[in-house]
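What follows is chain A paired twice: with chain B in the first complex and chain C in the second.
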Partner chain A sequence: METIVFYLLAASIVFTGVAVVAMRNPIHSALALVCNLIGVAAIFASLQAHFLATVQVIVYAGAIMVLVIFVIMLLNIKEEKPARERFLLLGGVVLAGFAFFVALSFVFLHQFQVTPELTDEITGSVANIGRVLFTKYVFPFEAASLLIMAAIVGSIMIAKTKRREVS
Partner chain B sequence: MVSVNHYLILSLLMFSIGVTGFVIRKNAIVVFMCVELMLNAVNIAFVAFARMHGNLDGEIAVFMVMVVAAAEAAVGLAIIIALFRNAKSVDTDDAAELRL
Partner chain C sequence: MQIAILVAKAFIIQQVILGLASFCTWVERKGSALIQDRIGANRAGVYWNPKNPLLKIFTPIVKVFGVLGVVNTLLNDAIKALLKEDFVPEGTSTFMHALGPFMAVLPVFLAYCVIPMAPDFEVAGYTIRMQIASLNTGVLFILAMGSIAVYGVVLAGWTGNNKFSLLGALRASAQMISYELAMGIAFATLILSYGTLDLYEIIEVQKSGWGINPLYYPTGILSFIILFIVGMAETKRGPFDMPESESELVAGYFTEYSGMKFLLFWLGEFAEIALFAIILTIFFFGGWHIPFVELPEGVWWAALVGHGVLMTKVVFFCVLQIVIRWTLPRFRYDHLMNLGWKGLLPLSLFNLMITAAIVLWGMNLS
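And now, the complex of A and B:
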């Protein structure tokens, strides 16, 4: 049962991931990415990381993707014109991506000391995550709030329109 | 039975798709979404390793990645808007002049 669920989720994640790259219209890419992120949230849930699964849906599939779709619609981006006629180059890049995958999987599966079985010692429930986050990792947590603050101010400064000085 | 290796292979597949998209697409927003794809691929590997070792440090790392991704989304999309205002397009080939 667990295996079947995993393979279904993996297939949907890979399919929607390819759709993100292959779709001409950016809106279609964004919707495929939303489906992909929800699939990743389900993978997190299957790994007993309940808090992360929830945050994934709320922050990623909710907030960040709404922001992306908002920008796509704000800028009124047309479909990308099929300018790349060099299919040989395109095929080469896809082949290079596959070679990248093979090389990395060799490194991961043969060079790391991976013990394949998963332990059930501790689950990523909200209570457990909160306990670790506010004791051992309280300083990175506070630094994260500072980072978010800087990002807000920076993005406002970058995106605001320059008004002409009225003299 | 699903092992850590299954999750790692899934993570690598997703990361490779993200890298390929990052290279072949020209629309800046799609490039941005491919970066998100790669971040999520790494998150899957983090959570799988956290489960393998039986502690929560990896999941805290994923939480921090999400925080940074949110900040990155805000700044990145602001840059894309500024780029569109200057170049009248979000094509990465049109942003090759290194000036505003």
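And now, the complex of A and C:
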């Protein structure tokens, strides 16, 4: 049962992932990306990581992608025309695919050591995740929040237009 | 057997949502007439002239239903909408156009998955919890579905291929995103004071006494006010209905929809009103508990009574939201944004800090 669900989800994730790149209309590809992210969230949920799944939906599908679609709608980007340099493009695609394959093979050849106590902490409830996040991994957590803070300040600085001098 | 129980639960909860939504529709139609000193829907009824004397007993009921507009709003409008032409504007894909109302309804219905509708009861050796999915992230799931609900509005506005629809969609999504922040922080405050995310446990905490635990504290009252305002804004109704303001945008994001697709938006909206009423009831007013009365556990009639109590409270809040919608005039758009970002967000952050201090220094509610 679980394997069937997993393969269905995996197929839909791959399909929507291809659709993100293949769709001509930017809104269609953005929506395909939303479906992709929700599919990944469903895989998290099937691994009993409910919190991770919910946060994935809230942050990626609910917040970031809404902003992406917002920008596409506001800028009114039309459908893309097919690229002209077909040959060069094909070469680039093949090269990128090869690089991805090499990277992936390194990942698969490397044997990951998952310590049992770590899995105990990760599987499970919000309380467990919170406990781990604020005790064992408190430094990376705070560092990430500092990084996000810096990014917010930076984006405000870039977006802020200088007020015109009223004379 | 497990799957059969799950399907039955899903069916019953869906019926509850549809019942609440149609009740809200009726209150919206007839109640607004009452508020505005009109008569409202009263003409259409059902042809009822039975020969059988037993059936004749029901004649007054049917007549009353007709005069009260129940038949008009629930049956005739739906049939009319089904028979209408399904209009699709030029230059949009039909699929995307149909996806809009679908995405407006689906997330709201999904959010009901984590809501417990009645206390646990036992039937034939099975303990049944009237909650489709008992996730340990119950409240967060509702937030997640609320953030997905933006897509229905955005898609509807974009596929309308019409400037008014697009403007309405932009307003609606900006409003929903802005108020989601305050809503998330208000939820966080309540999670802090209850110490759990599971809605069933939250109800069980409020078992004894008046059962309105967080309202004992000033922070609880503040978070109730915040959550109520945010709920009104999230459903895009009441004084917050800029996205569909008739005088400026025709009908906003669903301008280009007709027939059943148009009604689906309303269904989603009324289901959302009921959802917020349920959330308020569960968080602040003890869910299915009656003050100072303890129902026996695990009996089927106690579950029924509990469900009735829950629904009574929910109906009260639904009617309250509709009355506010028909009483208050519309905000101006910059006032709305100011209220969201400069009013409610700092207020809810302040509230979170105070609640965290209270919880940290030993005044645990449960």
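Here is the rule we use: the second predicted complex is superposed on the first by the 126 of 167 C-alpha atoms of A that agree within 3 Å, B and C clash if a C-alpha of one lies under 4 Å from a C-alpha of the other, contacts with A are read in each partner's own complex, and residues count from 1 in each chain.
Simple rule for what comes next: contacts are C-beta pairs under 8 Å (C-beta built on N, C-alpha and C of every residue); 3 or more make two chains touch, one makes a residue touch a chain.
As the structure is a prediction and not an experimental result, all values here were calculated from the model.
Undergrad: Report for A:Val153: first if it touches chain B alone, second if chain C alone, otherwise both or neither.
TA: The answer is neither, since A:Val153 touches no partner chain.
Undergrad: Applying the document's definition of touching, compare chain B and chain C: which contacts more of chain A?
TA: The partner that reaches more residues of chain A in the superposed model: B.
Undergrad: Kindly classify A:Ala63 by the partners it touches after superposition: chain B alone (first), chain C alone (second), both, or neither?
TA: The answer is both, since A:Ala63 touches chain B and chain C.
Undergrad: I'd like to know which partner A:Leu8 touches here: chain B for first, chain C for second, both or neither.
TA: A:Leu8 contacts neither chain B nor chain C.
Undergrad: In the superposed arrangement, which partner chain does A:Pro26 touch: chain B (first), chain C (second), both, or neither?
TA: So A:Pro26 only meets chain B here.
Undergrad: Mind working out whether A:Phe98 is in touch with chain B, chain C, both or neither, as first, second, both or neither?
TA: After superposing on A, A:Phe98 lies in contact with chain B but is clear of chain C.
Undergrad: Should A:Leu74 be classified as contacting the first partner (chain B), the second (chain C), both, or neither?
TA: The answer is both, since A:Leu74 touches chain B and chain C.
Undergrad: Examine A:Val55 and indicate which partner it touches, taking first as chain B and second as chain C; both and neither are also allowed.
TA: In the superposition, A:Val55 contacts both chain B and chain C.
Undergrad: Quick one: classify A:Ala144 as touching chain B (first), chain C (second), both or neither.
TA: Only chain B; A:Ala144 stays clear of chain C.
Undergrad: Identify the residues of chain A that lie in both the chain B contact region and the chain C contact region.
TA: Dual-contact residues (chain A): 51, 55, 63, 74, 124.
Undergrad: Tell me, which parts of chain B touch chain A in their complex?
TA: Listed in rising order, the residues are 1-10, 12-21, 23-27, 29-30, 32-34, 36-37, 40, 43-44, 47-48, 50-57, 59-60, 62-64, 66-75, 77-82, 84-85, 90.
Undergrad: List the residues on chain C that touch chain A in their complex, please.
TA: Touch residues, chain C against chain A: 96, 135-137, 140-141, 143-144, 146-148, 150-151, 154-155, 157-158, 166, 169-170, 173, 177, 197.
Undergrad: Any idea which chain A residues touch chain C in the complex?
TA: Within the complex, chain A contacts chain C at residues 27-28, 31, 34, 50-51, 54-55, 57-58, 61-63, 66, 69-70, 73-74, 124-126.
Undergrad: If you look only at chain A, which of its residues touch chain B in the complex?
TA: The contact residues of chain A facing chain B are 2-3, 6, 10, 13-14, 17-18, 20-21, 26, 29-30, 33, 36-37, 40, 43-44, 46-49, 51-52, 55-56, 59-60, 63-64, 67-68, 71-72, 74-75, 77, 80, 83-84, 90, 93-94, 96-98, 100-101, 104-105, 108-109, 114-122, 124, 128-129, 132-133, 137, 140, 144, 147-148, 150-152, 154-156, 158-159, 161.
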